[in-house]
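For reference, the structure I am asking about is given below.
All chains are identified by letter, namely A, B, C and D, in their written order; residue positions are counted from 1 within each chain.
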Amino acid sequence: MAGNSFGTLFKLTTFGESHGTAIGGVIDGCPAGIELDLERVQEELDKRRPGQSAIVTQRKEPDMVEFLSGIFEGKSTGTPIGFIIRNSNQKSKDYSHIKDTYRPSHADYTYDEKYGVRDYRGGGRSSARETACRVVGGAIAKQVIPQIAFTTYTASVGKISLEKGPEELDFSLIESNPVRCPDPASAEKMEAYIREIRAEGDTVGGTVQCVIKDVPKGLGEPVFDKLHAQLGKAMLSINAVKGFEFGSGFEGTRMKGSEHNDKFNPDGSTTTNLSGGVQGGISNGMDIYFRVAFKPVATIMQKQNTINSKGEEVEMQGKGRHDPCVVPRAVPIVEAMAALVIADFFLLNKISKI
Amino acid sequence: MAGNSFGTLFKLTTFGESHGTAIGGVIDGCPAGIELDLERVQEELDKRRPGQSAIVTQRKEPDMVEFLSGIFEGKSTGTPIGFIIRNSNQKSKDYSHIKDTYRPSHADYTYDEKYGVRDYRGGGRSSARETACRVVGGAIAKQVIPQIAFTTYTASVGKISLEKGPEELDFSLIESNPVRCPDPASAEKMEAYIREIRAEGDTVGGTVQCVIKDVPKGLGEPVFDKLHAQLGKAMLSINAVKGFEFGSGFEGTRMKGSEHNDKFNPDGSTTTNLSGGVQGGISNGMDIYFRVAFKPVATIMQKQNTINSKGEEVEMQGKGRHDPCVVPRAVPIVEAMAALVIADFFLLNKISKI
Amino acid sequence: MAGNSFGTLFKLTTFGESHGTAIGGVIDGCPAGIELDLERVQEELDKRRPGQSAIVTQRKEPDMVEFLSGIFEGKSTGTPIGFIIRNSNQKSKDYSHIKDTYRPSHADYTYDEKYGVRDYRGGGRSSARETACRVVGGAIAKQVIPQIAFTTYTASVGKISLEKGPEELDFSLIESNPVRCPDPASAEKMEAYIREIRAEGDTVGGTVQCVIKDVPKGLGEPVFDKLHAQLGKAMLSINAVKGFEFGSGFEGTRMKGSEHNDKFNPDGSTTTNLSGGVQGGISNGMDIYFRVAFKPVATIMQKQNTINSKGEEVEMQGKGRHDPCVVPRAVPIVEAMAALVIADFFLLNKISKI
Amino acid sequence: MAGNSFGTLFKLTTFGESHGTAIGGVIDGCPAGIELDLERVQEELDKRRPGQSAIVTQRKEPDMVEFLSGIFEGKSTGTPIGFIIRNSNQKSKDYSHIKDTYRPSHADYTYDEKYGVRDYRGGGRSSARETACRVVGGAIAKQVIPQIAFTTYTASVGKISLEKGPEELDFSLIESNPVRCPDPASAEKMEAYIREIRAEGDTVGGTVQCVIKDVPKGLGEPVFDKLHAQLGKAMLSINAVKGFEFGSGFEGTRMKGSEHNDKFNPDGSTTTNLSGGVQGGISNGMDIYFRVAFKPVATIMQKQNTINSKGEEVEMQGKGRHDPCVVPRAVPIVEAMAALVIADFFLLNKISKI
């Protein structure tokens, strides 16, 4: 089964290469009768759009989504929601120089090895452009579960970390700065660092934090489709992601059981939440929170030695307009994938018991 | 779709509760004509078995696997391989005291919330006993891809970490100590620490590292079923796992692109391997390596306050024989899940191109 | 994906060969909290059992089902229901004579061609013995949807057809004769004909009719998973089935639209039901009815010329105890598959709309 | 799982309503490196197009397919192939009169019951317009398996049947008449009958026959995904289909085993082919052939009484331009679905054995 679909009942299938005619997708399994606010979908897409601020790629891509089916008189009809996003600004010539060249730490080499052919224009299918379709799917998913609140923000850029935990932060400040960090002081440092890195023609990684509030109890399908396992897969499937942890995460491995166990309150909530809102793969009603690790963007503006498809050493240098740090634009993608996972489990849980 | 199956072409479905008649599973999609060494399957199961050393639970469970189908005259027939493991040593009475009690940071509460009923005997379906079936599935998977080498070991116990990287280690020493750490000096410290923790009636977490060598190029199915995304889901679906990272992982987020990019050699291999053997979700032929975070076991031998199903405060204390640290017994489980993922992608990749 | 699973949410996976240790299965996705009457499951299994009457195979197979998981204190727990049926009466020697021989119109040749190996003992996986597991799955499925009534019976044996339609029949008479035909006069003719055929050492085919009453409106998932399309697949997956028709079926192709259209009553029911209870792939609340065609059993007691695996001409003759007509024992299998389809769509339909 | 995808490895997902912006689909799992002849795809689409002859609907729909992804420099890239067909000729006003009216034997009523909302314009999702996407998918599937030959034709219209079997026919004559019947004499009668029926403002049903030659041995995935079971589901999922039979079909139920068994030739072929090229759910290398039953089109030009959504009796009469007999235009759809099934099993069979 080629891997271009995600989800069981609420399922997103995407298609499209960065420089083909269009990218797009099909959302199958959206229940009927949901009032869909398509402007909100476009707004979420705009958060991912290139050129939105000084610290992201300056490429001009309007990224307008066109819905083709599954919506009638403003409501979902229960039939598949097809959509496309035209690639209006293809600039294929920008990429001709990499036709036979394998960019270091990109997917050029592995696609050629796997498929024997490759759409070399701007990374083709392996380009993060595909994630625009995920944002569309996630924006629809959120409207299936409006009672659940998703908040996502930048937690670190390179070595600069946000020291505060979710409860200490004012989420209303996330969109107040181009880094999407709710702590203005940290945001300033991060932004300055990204500018510095860009001046060097280099790139840097970072982490994204997501917090999901008001999650019903019971979401998740043990034993293999545990809630956090599916969340982890969703995040790891995003371009440039190297790691995922939820609740106490890697830090929790250093703790003792007596410190780590979350004590119950009489109402079933817990006094601490090192579990991250999930126990035994099922949501317990507490906030779900997790962190996602993004590596530095592989395309840098410095000269690099690499090889071509004949195995010859060649020198290359990034052209065009790329992100010095992917994290600010990754924020809406992480949130979209989280919404896809939660919406799917929300529907699955409707049939857990008679 | 209830989540008790894993894999697309090479698919494992498991069933069974810790204290029911038996646990078992079905392996569907194993190609025909493979000579299966069933003793090796039992050997891998023995690595997970309780009572194998002084630092793991002293429960007596023989865990003998009985194969029921799909194998004829020593070979796989292409039909489903059914198997069961009888629960010979049920001791249900040991668990009667938790019938109405929710153990902190266990799945008791969430199972009741999701299903409305719960097999309270020893955790029922949420018990790690289910992972014995994963070890059986993984042991068969390895025999489908004998050319690929899996090595798994304990990388940390609590705050005690193995400082050496895979290339500095002698893997032949992994089984030389009960902790399954290939560095004798670290192993000794870890073992001493586990004994100390157990004496306190407490538990501790840790991390497991897996290294996969001789992986063919081309494994993985972008965009959603990236090789590392499926590995991550596999690991996160194991009981007590809180995080997953591969290649440079979370540390990679602090690096610059110019440091992080893996330079190509003329043969397509890379001089460094921060990518962890995967680029764009597809294996590139370099070693795949990843780390898995395990929280401390929730069952401790100290008194804890908790609630019962009526929401009343009750005091409880772990009984029976539990693991002070799950990591040594988790090693074969991590390896089994990795083998299931790789075998599945190995088969899927046979049809990537004409 | 090897094809040993059936269903989306309510999913049955089966394993086992006719002469292996055991056959069995896993039912995943059964909602929690259902009081399960396991004696009724065994009763349905007994309707399929060999040796139940003078006109079916006289093989002695007790076919006792043993449930291993997923049921606690008489209720489904929402976890997978594993079960096995031991093959108590293997008589492998009966089959040694066909080790290298391909029986005409059996699966011996195609299994060898597909898999390169074959469990030659009594047909192995291709034996209709596997359908015992379907009856178990179907019997559980029925208990998930007790409000829906399934009735299944023999409609023809060879050229002897039941001339009456469902509404003219007294279903309480189905079990009053070994043929399972609700019309005593036809049943007598059919039984006499089967005895005659058996005396010739020959076999004969027939058709089975199923009627499903009290089906909720809205079951079925267009466009590919139409209710009747999934029913058709379910029936065609039963051994020896050659055709499927529902509602007006093949006869309907000879009619005009003005004759064939079902007129509505004000309450949405229809005055006629040539649609067979399904319109556009979705149930409309009218009775669902369909017919299934079974070929004559391929194993006959007469001498036949055939080939062995070396392509040499050999003479063979059926041994052991076989069915002269499969239809009476197929009745519970058809009903079980129908129940699996309806239960699955019943669950799927719970999430069609908000 | 909403039912808008078909196939396991070679998977088609479709979307779109008859009068929305566009219909379209995604073909996921097409192996890389296949030279794709897109003009041939359009040619097959033209065989289904309205207005192609005097005996089909005179609606003007150009049905031009636009491919959006997955094809580069004339070859499949292994990434999903997205495509759309714009609905250029929507004429929504033609359908306003049925907004609240349930057409007899259409899906209007069941869609409203299932989803609570309905795109009433021309049947919306339940319109046979969706099958244009299947023809696109099938045309690509054929190019994955060019060695396999598909032939499909009209076998009956109403009571007028083609008496000759496949071996007696000259398939080159199929496209020589608008009925798509390879026997000119029968074709003439069928065409005359369709004209007569249309003059009455009525419609009529018929059957389509498909013959598949040069099928490799080993296709099909027992036990549930038998080759003929999946073919049956594929055909039954086509609008207006009421039945499916393969090989000897319903007629075979009247035969004796001694007449029905196919004798082997030394090379493994059989002297007769009542099995229809499939034994035990797996292809045996002989021709696969099957018949599909189509009911008369429900939209007739005569006055009919029906009900509206309030349950009130109303009179209606078909408007617009409809098919008096769907069979001639169904021929390419049946062939497309057959190609989708065979291509999928062709890929699945590559991993049946080591």
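Quick note on the criterion: contacts are C-beta pairs under 8 Å (C-beta built on N, C-alpha and C of every residue); 3 or more make two chains touch, one makes a residue touch a chain.
By chain, with names taken from UniProt: A, B, C, D = Chorismate synthase.
For clarity, every value in this text was computed on a predicted model and none was experimentally measured.
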*Look at all chain centres (mean of CA atoms) and spot the one farthest from the centre of subunit A (Chorismate synthase).*
C
_Suppose you list every residue number at the subunit A (Chorismate synthase)-subunit D (Chorismate synthase) interface; are over half of them used by both chains (same) or under half (different)?_
same
_Centroid of subunit A (Chorismate synthase) to centroid of subunit D (Chorismate synthase), CA atoms only: how many Å?_
39
*Just how far, in Å, is the C-alpha centre of subunit D (Chorismate synthase) from the one of subunit C (Chorismate synthase)?*
26
*Could you give the separation in Å between the centres of subunit B (Chorismate synthase) and subunit D (Chorismate synthase), each centre being the mean of its C-alpha atoms?*
46
*Residue numbers of subunit A (Chorismate synthase) (touch at least two other chains)*: 1-2, 4-5, 8-9, 14, 29, 32-33, 78-79, 114-117, 125, 222, 352-353
*Interface residues, subunit B (Chorismate synthase) side, partner subunit D (Chorismate synthase) - complex*: 1, 9, 29, 31-34, 78-79, 144, 222, 347, 350-354
*Hey, which residues of subunit C (Chorismate synthase) end up touching subunit D (Chorismate synthase) in the complex?*
1-6, 8-9, 14, 102, 104-107, 109-111, 113-117, 125-126, 130, 156, 158-159, 197, 200, 202-207, 217-218, 220-226, 228-230, 232-234, 236-237, 239, 242-250, 252-268, 270, 274-276, 278-285, 293-300, 302, 304-307, 311-313, 348-349, 352-353
*asked:* Under the definition above, what is the set of subunit D (Chorismate synthase) residues touching subunit A (Chorismate synthase) in their complex?
replied: 1-2, 4-5, 8-9, 11, 13-17, 20-26, 28-29, 32-33, 66-70, 72-73, 75-82, 84, 114-119, 124-125
